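Please go over the structures that come below.
Each of the next two complexes has subunit A plus one other chain: subunit B in the first, subunit C in the second.
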Partner chain A sequence: MSKHMGKKPGWFLRLLGYKKTQFLTIPLFSIFCSLLAIAVLILLIGKNPLTAFQSLLQGSGWLPKPNYAAGKSILTDLLDMLDAYTPMLFASLAVALAFKAGLFNIGVSGQMLLAGFAATVLVGYQDFPAGLAKPLVVLLGFICGSLVGALIGFLKYRFNVNEVVSSIMLNYIIQYVVGFFIQTRYVDVVSRQSRAIKAAARLTLVDVAWGNMKLRLPLLFIPALLVAVLLYFYLKSTVGGYELKAVGLNRQAARYAGIKVGKRLVSSMTLSGGLAGLAGVTYYLGYYASIKPNELAALGFDSIAVSLLGNSHPLGIIFSSLLITSLDKGSTYMNSTVGVRQEVSSLVTGMILLFSACSAYMRYKVDASLRLALAGFAGTAAALPQQDSADGSGKGGKKA
Partner chain B sequence: MTETIVEMRHITKRFPGIIANDDINLSIGKGEIFALLGENGAGKSTLMSMLFGLYEPDEGEFLVRGQPVRIDSPNQAVALDIGMVHQHFQLVSNFTVTENIIMGVETVKRRLGIFPAVDLKNSENKVAALSEQYGLEVDPRAVIDDLQISERQRVEILKMLYRNAEILIFDEPTAVLTPQEIQFLLQIIRNLRDNGKTVILITHKLDEIKQVADRCAILNRGRLIAVRDVRTTSTQEMARLMVGHDIAFTLAKKPAQFGEEILRVDKLTVENEEKYEALRQVSFSVHRGEIYALAGVAGNGQVELADAICGLLQAKSGRVYFRQTDITQESVRTRNLRGLSYIPEDRQSVGLILDFSLQDNLVMKRYYQPGFRKGLWINREHWQSYAKRLSQAYDIRSANGIQTIVRSMSGGNQQKVIIAREIDQDSDLQIYVQPTRGLDIGAITSIREKLIQERDHGKAILLISLELDEIMACADTIGVLYHGSLQTEAPAGQLDLETVGAYMMGAKHE
Partner chain C sequence: MNTMIIDGLSYALPLLIIACGGIFSERSGVTNLALEGFLGFGAFTGGLFVALTSSWFANGSTVPMYLAFLFAMLGGGVYALLFALLCIKFRANQVIAGVVINILSVALTGFLTSQINSSVFGEASNKFQLGVSPRWTIPGVSQIPVLGAIFTKFYPFEILIVVLVIFLNYLLYKTRFGMHLRAAGDNPHAVDTAGISVVRVRFAAVVIAGMLAGLGGMCYAYSISTNFSPSIYFGAGYLAIAAMIFGNWKLMPTLAACLIFGLARSGAYQLVGYLKLSSNFTNLAMAIPYALTLLLLIFFSKSNRAPRALGEIYDKAKR
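This part shows the complex of A and B:
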């Protein structure tokens, strides 16, 4: 303990310890740490990490590539990335919403798949005009996802079934039931996937000619951003949001306050499932136009971590989704130009998520060491909140 | 004083924002009962935690038996023959008494000359002998789960004795005991002294100090105020030193004016979560202008009763009436709106959402009402002005105003948040469960005054408390719960402390 005493805390500690910006500095620090670790790894395999990172950004449309094929440009790359970004944003918002209500929605993939499948069969294979088909797809996706979410919430509320268990089991059920129907009825014999949907039902406009380029326009990109902002205000400024957070933070106290906890659990899970459904239709009927049978989208699981990186905050998630999607989309280009294998980008993603999972610990360590350092500085100590002061300093003291 | 066993020199301990101990100099003699007296937050526990190696002092040193020592862990303390009974017992509940006591210092024997095994039989005999010697009356083979709180505490004492502790620290040992059990414990403490042990007693109960202690040190705000010989010091003076000013021991209380009946509980039976009938066939009623106090040892159905009246627990049978309306099946919210406030026993996990701000906690029972909302949206300006008004009116102190996260506030201020919120609803019926537990004398007095003030405003008050002092000081009517049933009920004047204590122990029936 004594070695910290009476020493003014360093700039780094003060930067990370500053409460008001901690929501930003800690995730950024996580990202920095993981990039550093990956840079070492790339160095070890004899490549230049800077060119590798540069190519990641080039591949996802943030930086211009040295040359483009016909009909391609930085804009097409960026729009491609945003096309993949849209479902990621919806899925991460779904996880975050459930998380705020104290629930863990690990079944986003299953909800996505069911929503995507239902919309594919009921709208994607029919001859509806685009003006009818597209809204129908969105609506159907939301409804199907929310039904699965509602079931999970209901099982939790009525029979006290742990939502993690029920959603994982439902993932399996949906995965194989949907797989069965695709393989027996809707399979495309060449691709071994479900038959491609009609263009009218697709939520991404492909091959939109603009100048000499062909662009992909993800129709739900702007709405997805809007949903994130809406969710932010819902949680911050509505009566329902207040109740939801109360239930998430302390169910007993929420009950004591007269909140109908069961109803809140079911409705939050329903809404979360609905968002997952939107992720499903933008993924299977937007980014792709068909469904691979017997397979869950990895995106549904990545979204858990993305949500974590964004601190389960709707506005934070806008950025964390962007980062993870960019890394993912840039990896193919990195592979072909720098020769660093595509998997390295998954490694970066994994590292970032690992570090951000440690963010609570980092925050604790930063706060504890800052408190220790300031304890020697009697005057400034009062400015710090006394949170768990006895406990924290005790533990810190033991360590030093 | 014969021989000094513990000496503290210039002990100082700082936590951010506060100095918990400021230049404390004390010497404690071998074979005496030494009391540490002070309000909550005066620094008693911190000082003793340092002696027991839980914290290290920032400045100063400890001398044990004349030798300067550095105590950096409880193991170190045990090696110096120092033992401590904490407020929260540290026992494995499905182990026997002996298993708990020998844990960490087991004697090992070898079965068939090879296989190591714990020598339980010898240990049991040793525990039994110790129990005999100090009059602890503990069965070495009993399982902790089957023991009462007071017996568990004696197991903790045995644990120290088994490790040959010479200096025994008791942290608020009587907080959880009935009057009879307290007397028994005090006798044990005397036995310990008569056997040459040194006892350090942390407490804020003056009468206990008066009964057993030889000397006492009084702390206030981290500083040592005085060390007094207990025999020659009056409790009044000790109290004055402890608080820093004179305090009234009795509450000024007008005679009660009973009005209409507000709450009637009729043959109420409630099962707790383990499907055990925690409350059986309880009937009573509370009127306007009445403080109905329910006494009882912890775990005799008090919490279940309060929860059932408020709608948090379903009644198995029987009815609850509020102003003659049957509310047995109504929701928590409906009951709140009828005029029912509840200060729960477990303030941190029931009464508050610790990660919410002060403001969000203060509106917890009101946020949905007109004025607090504009349609679906919350009326933030109103929340803020409401929270500001309440924190001023109830003197709630926090570091960052109404946006302070409640978790970072002190226990006393957390309790004030609940009390402010519940009283401000202006409810006809107010249920207080252990409203002053763990608070210091200043806060206790102010809460009890509030209670009586509310009564005088014509509210019906149901006070559930484990502290007999509190029951005796506030009650107009006293009921006693034992094993989930109401043992007796009488106007406060007709029952004295000992009688209530006897009912609480189930020693008396009607």
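This part shows the complex of A and C:
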């Protein structure tokens, strides 16, 4: 680090540096690093990384494709992407909320599946009018998810069961039990999935005619954004949010401050589960209309990446889920046009995660070297040992 | 009954060796949720080795199998270095780093398997075919009622695991290294005071964990499916963690936990067959080991004593 001493901080440090912009620059740097790594990989396979990335953007509706099939346009692609984006946003918010309370909700997939299954069976297969069915689906999704979340929180608080292990166990239990019920009772013999739900209960309007195009309208897209904003204010300026964060930062200190830690743990896990439930209904009764038995949605695990990348900040997550969903949606098109494997997009996600996991370290390093560099540049005494000559720089910076 | 014990053991022993990896890592103070990723990557390396060298060996030779175990250990160990780097050097949150390593492992092995299959072997497949592992029966002893099943139709790797676990038990409790390792998990500052590098001990522990988990993954690849495919990620790593917590971070109780899982699983399968239920009920049977784990955790988590410095990033300045 001492090489930064005594000169103006380098452009790189200045770019990443200052505290006020770090929330943006460090995630961007993580994304940049992972894209760079993937670009090298694509080069090694012998394809052009730039066209690969371009086709990713084209596939997800950000850039126009060279040609479209009938009834398709950049707008339909974008709406498709937003349809996948809605559950991703809910799921990531669920992970982030648990994170803020110092818990790790890795059971989002299971909570999603149970909520989706319950809503499918209790509402999706019944003859309710749309005006009743849709709110019921949302409500049911929230309740089912929050029940699972509450169970995990309760086990943690009452029996000291590690929440990671218990939620993973619940994931498998839900996966197999729901799979069992689908295969014995609700299976569609042709598709080997659960029977499709009635259109009235679906949270995505499909085939909405507009001009000569058929659009998909995710009904919960705007509410999802609102939930993110609400969550931001909840964490920022309510007593509950404050206590939740305090518990997450230091459980012991929170207890001394008179916060009921157990209650907070359970309630935050309940809310997190509820959000995961919303993700479940928008996924299984919106983006799809049926459930594939014995499979957990990969989305539930990707949401961990999204939440990490967005620094567990509700507003940051709005953007990070947009990025990851776009990567995911664009990968099919990339595969068909450029011939780069679809798996690359999950590799990008993994890489982003890897670099995001190091973000605390990056922040720490950048801060330290920036402090050092600034101190050396200004000639302040703070970072300098006494022995110094007039030029105000020194070799002693190693110690600081 | 015999089938239940035979299948139960072939399921429980790889689980035990993975859990041993977890014990080594956690006793040194590093929370290890990355076992799932380690075992997948280890099995991938072993599978890759078998696929690449399949033409070198005579048909039906068991040499590639033993070498595959070796390579799986190597692969798991190397991949574990990444995890060690993340959470020891780069001070990442250990829980997060573990999950990151798992997700990356799934993505990486999935991508590499398909890519290598298409560009080296010219076929579209996400699997590496492995040979069939031989199964041994010891004549005489295997005739003993009930207990004889232990010596009937067992996989060669089961012997390997038993030998290895005895050695690990010795390593953890009877050697200086083992003592340093356990101390690093309970009181790292004391280790440091004694002039031993906590970072180095933890690195070693995590790499050992990776090697053991890689071996366990390879065993599953041979015993469950005779190929390497993404289905290797069926949650054995997490089950192993549960077994370890249930076993209170000690080797012998963990063995008991693994046996319970293994026997519960094979028992449930047998029950479905015995009652002549439709194959759909195997789904329910599959859920039983997980439900049992959860239930046992509820009863045993309270009295558990985790290593004291578990999950803490070692900070010299705190001394």
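Here is the rule we use: the second predicted complex is superposed on the first by the 370 of 400 C-alpha atoms of A that agree within 3 Å, B and C clash if a C-alpha of one lies under 4 Å from a C-alpha of the other, contacts with A are read in each partner's own complex, and residues count from 1 in each chain.
The criterion applied here is as follows: a residue touches a chain if its C-beta (ideal position, glycine included) is under 8 Å from a C-beta of that chain, and two chains touch if they have at least 3 such contacts.
This structure is a prediction, so every number in the text was calculated from the model and none was measured.
Residue contacts after overlaying the shared chain place A:A209 against neither subunit B nor subunit C.
In the superposition on chain A, contact of A:F301 is made with subunit C only, not with subunit B.
Of the two partner chains placed by superposition, A:V190 touches none, neither subunit B nor subunit C. Touch criterion not met for A:A69: it reaches neither subunit B nor subunit C. When the shared chain is aligned, subunit B comes close enough to touch A:R371, but subunit C does not.
Contact with subunit C, but none with subunit B, is seen for A:L354 once the two complexes are overlaid on the shared chain. Touch criterion met: A:L170 reaches subunit C, while subunit B stays clear of it.
Looking at the superposition, the partner that touches the larger set of subunit A residues, subunit B or subunit C, turns out to be C. On the side of subunit A, the complex with subunit C involves touching residues 45, 104, 106, 155, 159-162, 164-166, 168-170, 172-173, 175-177, 179-180, 183-184, 294, 301-302, 304-305, 308, 341, 343-344, 346-347, 349-351, 353-354, 356-358, 360-361, 364. Those residues of subunit C that touch subunit A in the shared complex are 33, 86, 90-93, 95-97, 99-100, 103-104, 106-108, 110-111, 114-115, 119, 235, 238, 241-242, 245, 278, 280-281, 283-284, 286-287, 290-291, 293-294, 297-299, 301-302, 304. Residue ranges of subunit A in contact with subunit B, taken from their complex: 1, 237-240, 242, 245-246, 249-250, 252-260, 371, 374-375, 378, 381-382, 384-390, 393-394, 397.
For subunit B in complex with subunit A, the residues that touch the partner chain are 14-18, 20, 46, 54-56, 310, 312, 331-333, 336, 342, 344, 349-356, 360, 364-365, 367-368, 373, 376-378, 380, 399-400, 404-405, 407-408.
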